[in-house]
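Chain IDs A, B, C and D follow the sequence of writing; residue 1 opens each chain.
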Amino acid sequence: MAELTQDGRKIGDILLEVKNITLAFGGVKALTNISFDIKEGEIRAIIGPNGAGKSSMLNVISGFYHPQQGEVWFRGQKRGPMRPYEVARQGIARTFQNIALFKGMSTLDNLMTGRITQMHTNILWQALWKGPAEREEIAHREKVERIIDFLGIQAIRKTPVGRLPYGLQKRVELGRALAAEAKLLLLDEPMAGMNLEEKEDMCRFILDVNEEFGTTIALIEHDMGVVMDLSDRVVVLDYGKKLADGTPNEVRNDPAVIEAYLGVGH
Amino acid sequence: MSPELLNVLEVIINGLLAGVMYSLVALGFVLIYKASGIFNYAQGVMALFAALTLVGFQTGQIPFAHVINTIFGTHLETWGPGLPTFFAILLTMGVMVLFAYLVERIVLRHMVNQAPIILFMTTIGLAYFMEGFGDLMWGADIKTMDVGLPSGASTWFETMTAGWATEGSNYPGMYVDMLDVAAAGIAILLVVVLTLFSQYTKTGRALRAVADDHQAALTVGISLRTIWVIVWSIAGFVALVAGIMWGAKSGVQFSLSLIALKALPVLILGGFTSIPGAIVGGLIIGVGEKLFEYSIGGMLGGATENWFAYVLALFFLMFRPQGLFGERIIERV
Amino acid sequence: MFYRESGDFKTSYSADQQTFPIRLDRHVVYGILAFAFLVVPFLINDYWEKSVLLPFLVWAMAALGLNILTGFCGQVSLGTGGFMAVGAYACYKLMVAFPWLNMFIVVILAGLITAMVGVVFGLPSLRIKGFYLAVATLASQFFLVWLFNKVPWFYNYSASGMISAPERTLFGIPVTGAEAPPWMTYLFCLTLVTIFAFIAHNLVRGRIGRSWMAIRDMDIAAEIIGVPPLKAKLSAFAVSSFYIGMSGAMLFALYLGSAEPNDSFGIAKSFLVLFMIIIGGLGSILGSFLGAAFLTLMPVLLKNIMVGWFGWPADLAAHLELLLIGALIMFFLIVEPHGLAQLWRVTKERLRLWPFPH
Amino acid sequence: MNHQTDTFPKLLSDNAQRLASKVAMREKDYGIWQSWTWAEMRDEIFALANGLAALGFQRGDKLAIVGSNRPRLYWGICATQCLGGIPVPVYQDSVADEMQYVLEHAEAKFVIAEDQEQVDKMLEIQDRCPNMQHIIYDDPRGMRAYQHDHLHDFVDLQTLGREFAQAHPDYLNQAIAQGQGSDISIFLYTSGTTGKPKGVVMTYDNIILTARNSAEFDKLTSSEEVLSYLPMAWVGDHIFSYGQAYVAGFAINCPESETTIATDLREIGPTYYFAPPRVFENILTTVTIRMHDAGKLKQRMYNYFMGVARKTGVKLLNGEAVSFKDKWLYGLGNILIYAPLKNTMGFTRIRLAYTAGEAIGPEIFDFFRSLGINIKQLYGQTEAAVFITMQPDGQIFADTVGIPAPGVDVKIADNGEVLYRGPGVFHSYFKNEQATRETKNAEGWVYTGDAGYFAENGHLKIIDRIKDVGRFNDGSMFAPKYIENKLKFFPHIKEAVAFGHEKDYCTAFINIDLEAVGNWAERNNVAYASYQELAGDPRVYQMMLDSIEAVNRSLASDPLLSNSQIHRFLILHKELDPDDGELTRTRKVRRRIIAEKYGVLIDALYNGSKACFIRTEVTFEDGRKGAIEANLAIVDVPTLAAVKEAA
């Protein structure tokens, strides 16, 4: 049931589906009975006013929060209770709203850490370095270098990320997520706090990622313009409830959505 | 009541009394940690230093006599009969304030927004420094401290409790050291005073403000620096009191500085930021370790106090990582 | 100023990520190693062995270990003394139980045993963080020391309650005991430290090291991108304790010759090692060595000056030394909280850009 | 000559055997220097050649090469030559219709483009280039969505080629064997200072003989390292990173990107280096600027030892005798300053450096030579396959360009124009008989279009373009370029345009060097918002005035040119820019265009007015057009009486 978008990208079967997710902290309900799906190869946007529960949704998907009710289905299988790192190993990578890079490490090491789920040589080989450990290291370095090249961050390869300007850090973080070669890429406000130029670059990258590597992308973004250009389908949350779900146009004209947005005065 | 029961009761009472002492030291930590986020390892040494100074003043030692003698071949010892206890205490308080001022001036103000671990290590450095300094100033020999506190067994308590025992079991009665009781009394007094201070004085409120958030403190209109000096001074007083108690109990010597180590488990138990926590924690640990030693310690070869407190705290933490009264740690992404 | 990097380019990743990518660094290090292995053994005497070289090597090993845990994995530990004790006693028991066992094996086994103990005491780190953990590790410190005091089996019921290293030979030459020649003990320690320094570097530059640093820099993010916190933290505790255990064994068997829990492995030692890595530089192999050198050599120096030159009484000198070390530590933490390693890094950058400032 | 190696494909096979395991090419990519030995490179090239053959590449077909210095693009050249085709490298920064002219004129049937950007240009002009049939791209990034019927991925093409080789094992060898020295090897389009570019047709003999002679002249060996960063379409790069590389068998290194050249240069540390004067000038400027931020001690040290170097270095390099003390001081300076400096610049291993195209400032020249960098000048042009004259070791002068290159005859025509003849002399201009005849006479003498004369030491001295050499109304000679160069020798002057032909006296436009002057402004806290504002600052005018007076002084001392002293000048409000057609791509001044564009200003220079208003169209980076306006001050300069030769 693969369909084609007008710009010729293939959209496949359902990759991830959340069913009736309800998440509460103490008494407060962050998410109430949310269901939607993400299809293979598409760019899916989750939008909504502040405190709508977008980030909570992402945290549920990446296994950081465990919802009281509801199920997460990934690649056709119901997901049991999992630690976040197990979710990562299943092939879900993500970036964070306020950059969560490893400040003490270089750009290169951050990206290499992104591949940690694929690295396996045991501690003894590591101690010896020469042999399997080095071979593995180099194999992954080659992959990472492709990403560095793709994002055009060669110049900062060995700079500690702590020293980088905000825009570049965002880019490195994207790189770290890409390095995981995940099936599904979750981007939490990839363009927050960027200037116009940086936003354009970031859009370009997201589209290229989706196109070149066929990665499925789910992103949270405030900038409506961006969302409408980028995404194939949009799901709208408000106060932890699902307002609407559909193509950018459908959503744009949905009265409930308009109301909600006028409500918060966007 | 059966003698066994009474023995347990005795152990508990002594545990409580010891616990109060722990709380006393822990209090010093909490004050500083709340106000400046610094985990002040030097608290113990401060107690030692305070005690040394006090004794020095009382006995009229000449500071640095040892050093001077070595360098100039003189034979200085004392300058006279020494001060009456009351003045000596006042003077010592003055010294502690001066000390607090210097610490802020020379060390702390250079350390703003450093990593906690660095601050912690700095205070350890400070501890080393003060220990060396104290020894140079007053000599390293063990001194006896007498500030006129009652000491020895309390006979009426003994006789009274002896009566509780079941007939025929010639139970001697409970042993309670007057000094411990006095110490407990003073400690409680101190806590009350501190609470009142922090509740009803401008400075006190400022302190609490700082604890919550430093910016807020500045808006209260007291500079962070001043507040730090005040806090460290108060911690100094607390240290002095603790120094007096422990000094009077087991002589003024290096080991006194180790009470800091006694206070640490109290802290994790009670939480770094909570005064009530420090007190309750202290009592729990005091009672706990005494009971453990009494019941099981013997079988393990005794001296379990050295570690029991820690292991207790450790297991406790497994279930409440932020301590008894500490603020809850919420993890966010 | 001395760097000539132009023309020293990399045509392969293994060349690019080698231990010393810059040619000059490489040569200097080789030079130092050659000197340490081939020249020093002929110059060394009892004084240099006992009061300079051995302590430096032993503590460097300990610092390496703690730096792995604290500097690279971000878990502060005050239990170093206790773990060194484990290493020492394990070493002692092994030496006594298997007299024929090669000393290298003994030390490494001692390390392994410590590693296991370390893992056990590391378990709390999964729930407890920061200072709470730091203080919690004191539990291991006190408990272990108490244990070795109270359980006679550990010191083979010796009347003094002390353990003392029997003589063991390597290639027919005594390496422990009173008869061991300085150069032998020195070479023994040097070999171990060198090998394990490289191993430490290999670990921290690879997958495992990255998982440690990820946990250190941002544990939640680390877990979400796929680092299992349990594995990362416990492996750090294991490796760290392994090193510390070995240093404990070396301290007891080769340096002191005999040991007693309270003095040899007291809490003061835990702090000492922590100072070494903080003054040397957290998260830096080189830093571990610099720190160890600084804190082992400086007291010797001070003593020599005060007792040797001014002829002051030892106790006075001791107090002054304490005071000075405390002051120096504070001074260092104020001027360069990132330690000597950082200092060196900056200098090196300047040298590479010479004559330009930046 | 030995017909085993009379074409590049043959040289390639030869090197692939002699130097099989020696590195022929490196490229900074994915963080390391990816390397190819001669053998590997041969296989790559052959695979490509077979691929082209499989696409139906015929003898004599033209293949255009559009992109920056990439190994695969260099391979494209040789692969084409293997099939007896003609490669046509194109300046990749030229805009689409400039490119379109070249591709159409050259009748290019195939194109190898670097990346999406270049491919897009090709597709844009495709319909106007009927011959264009196949486009091959190096970097597949973003190409996925394109229609691929006549687009080919480089690697796919090579795979295709390998299959083709299976089917026709000896096709390629035959094709290579057919080639001979007299065949056409390449078209090099000159970015003509005036009018449309001309396609210079070169034979294998032209390139290979010249390359071989010059390589022998400078004793180039297979162990040289070269950084290939100059446009592939430029004859210089074709000689230095292709001709000489194949002849001598040394390695060429392609930088990661235009922006990283400095770092890449430093990493590679070439032994043999070519750069136009302005590059050396920029290096010197940056060095001076960076030293300004250094600590007092360092600065004192630097200044002292640079003094020593000026005194001793050049002598040492020319093998002259110097006192032991100086030698010792120089040695010390070498440890403290020179060697580290060379290291930061990437010249640690440099054995030989060339500069050409423009005259180079004496102090720039001496700066590098005094550091022990053997930088030399040569005089050449595309039509000569570069080399006309070059400076032999030990006979280096800043103001002359050396003696005739091996095998080249040089003579001066009566009108002062420089003529030459030699093995490098080009075959013809493609599809332009007339131009060919105008430039190359029957005896094979080529008119350089430059005015010059042989100095008493036998070295050639170039004054100016012959057609630019004008006359003042009093009939005395006016050599604008010569004057402009003297001005441009000052670090804070970027460009200068002198006027005086058929006028009474000489005047000039000045372009300030934003980097140098900006830095000066910073240090003397002169606030400025824009280039224009800085250029208009009176203090800047004063600075320029001083420099111009200095120039006048030196001009006064030259009897031939004493009348050329500058009487009035102004500082332009914008930088002269190739995108506005004011300069050529190689940054040569386009006098005609400037004269048209700034007529008002020129008039103002001569009608004695103190200021002049001007409005100019400009093209921005992104191609948008706009206009800037300014009111420019005009300043008079004191001049000196001519110094008599006696004096």
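Here, a contact is a pair of C-beta atoms (placed from the backbone, for glycine too) under 8 Å apart; a residue touches a chain by one contact, two chains touch by 3 or more.
Protein identities per chain, from UniProt: B = Amino acid/amide ABC transporter membrane protein 1, HAAT family; D = Long-chain acyl-CoA synthetase.
Given the structure is predicted, the values throughout are model-derived calculations rather than measurements.
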- Note on the structure: Ranking A-D and B-C by C-beta pairs in contact puts on top B-C
- Looking at Cα centroids only, farthest away from chain C lies chain D
- Message: What's the distance between the Cα centroids of chain A and chain D, rounded to whole Å?
- Response: 48
- Note on the structure: Note: chain D sits from chain B at a C-alpha centroid distance in Å of 79
- Expressed in whole Å, how far the mean CA point of chain B lies from that of chain C is 33
- Item | Between chain C and chain A, distance of the C-alpha-averaged centres to the nearest whole Å | 42
- Could you tell me which residues belong to chain C and also touch two or more other chains? 13, 220-221, 224
- Item | Per-residue multi-chain contacts in chain B, two or more chains | 333
- Message: Show the residues in chain A shared as contacts by 2 or more other chains, in ascending order.
- Response: 64, 96, 100, 141-142
- chain A to chain D touching residues, read off their complex: 7-8, 141-142, 145-146, 148-150, 154-155, 157, 208, 211-212
- Item | Residue ranges of chain D in contact with chain A within the complex | 29-31, 141-142, 144-145, 256-257, 259-260
- Message: Taking the touch rule as given, give the residues of chain C at its contact with chain B in the complex, in rising order.
- Response: 70, 76, 124, 127-132, 134-136, 138-139, 142-143, 145-146, 149-151, 220-221, 224, 267, 271, 274-275, 278, 312-313, 315-316, 319-330, 333-334, 337
- Message: Help me check something: in the complex, which residues belonging to chain C touch chain A?
- Response: 13-14, 17, 199, 202-203, 205-208, 210-211, 213-214, 216-218, 220-229, 235, 239, 283
- Message: List the residues on chain C that touch chain D in their complex, please.
- Response: 1, 3-13, 15-16, 353-358
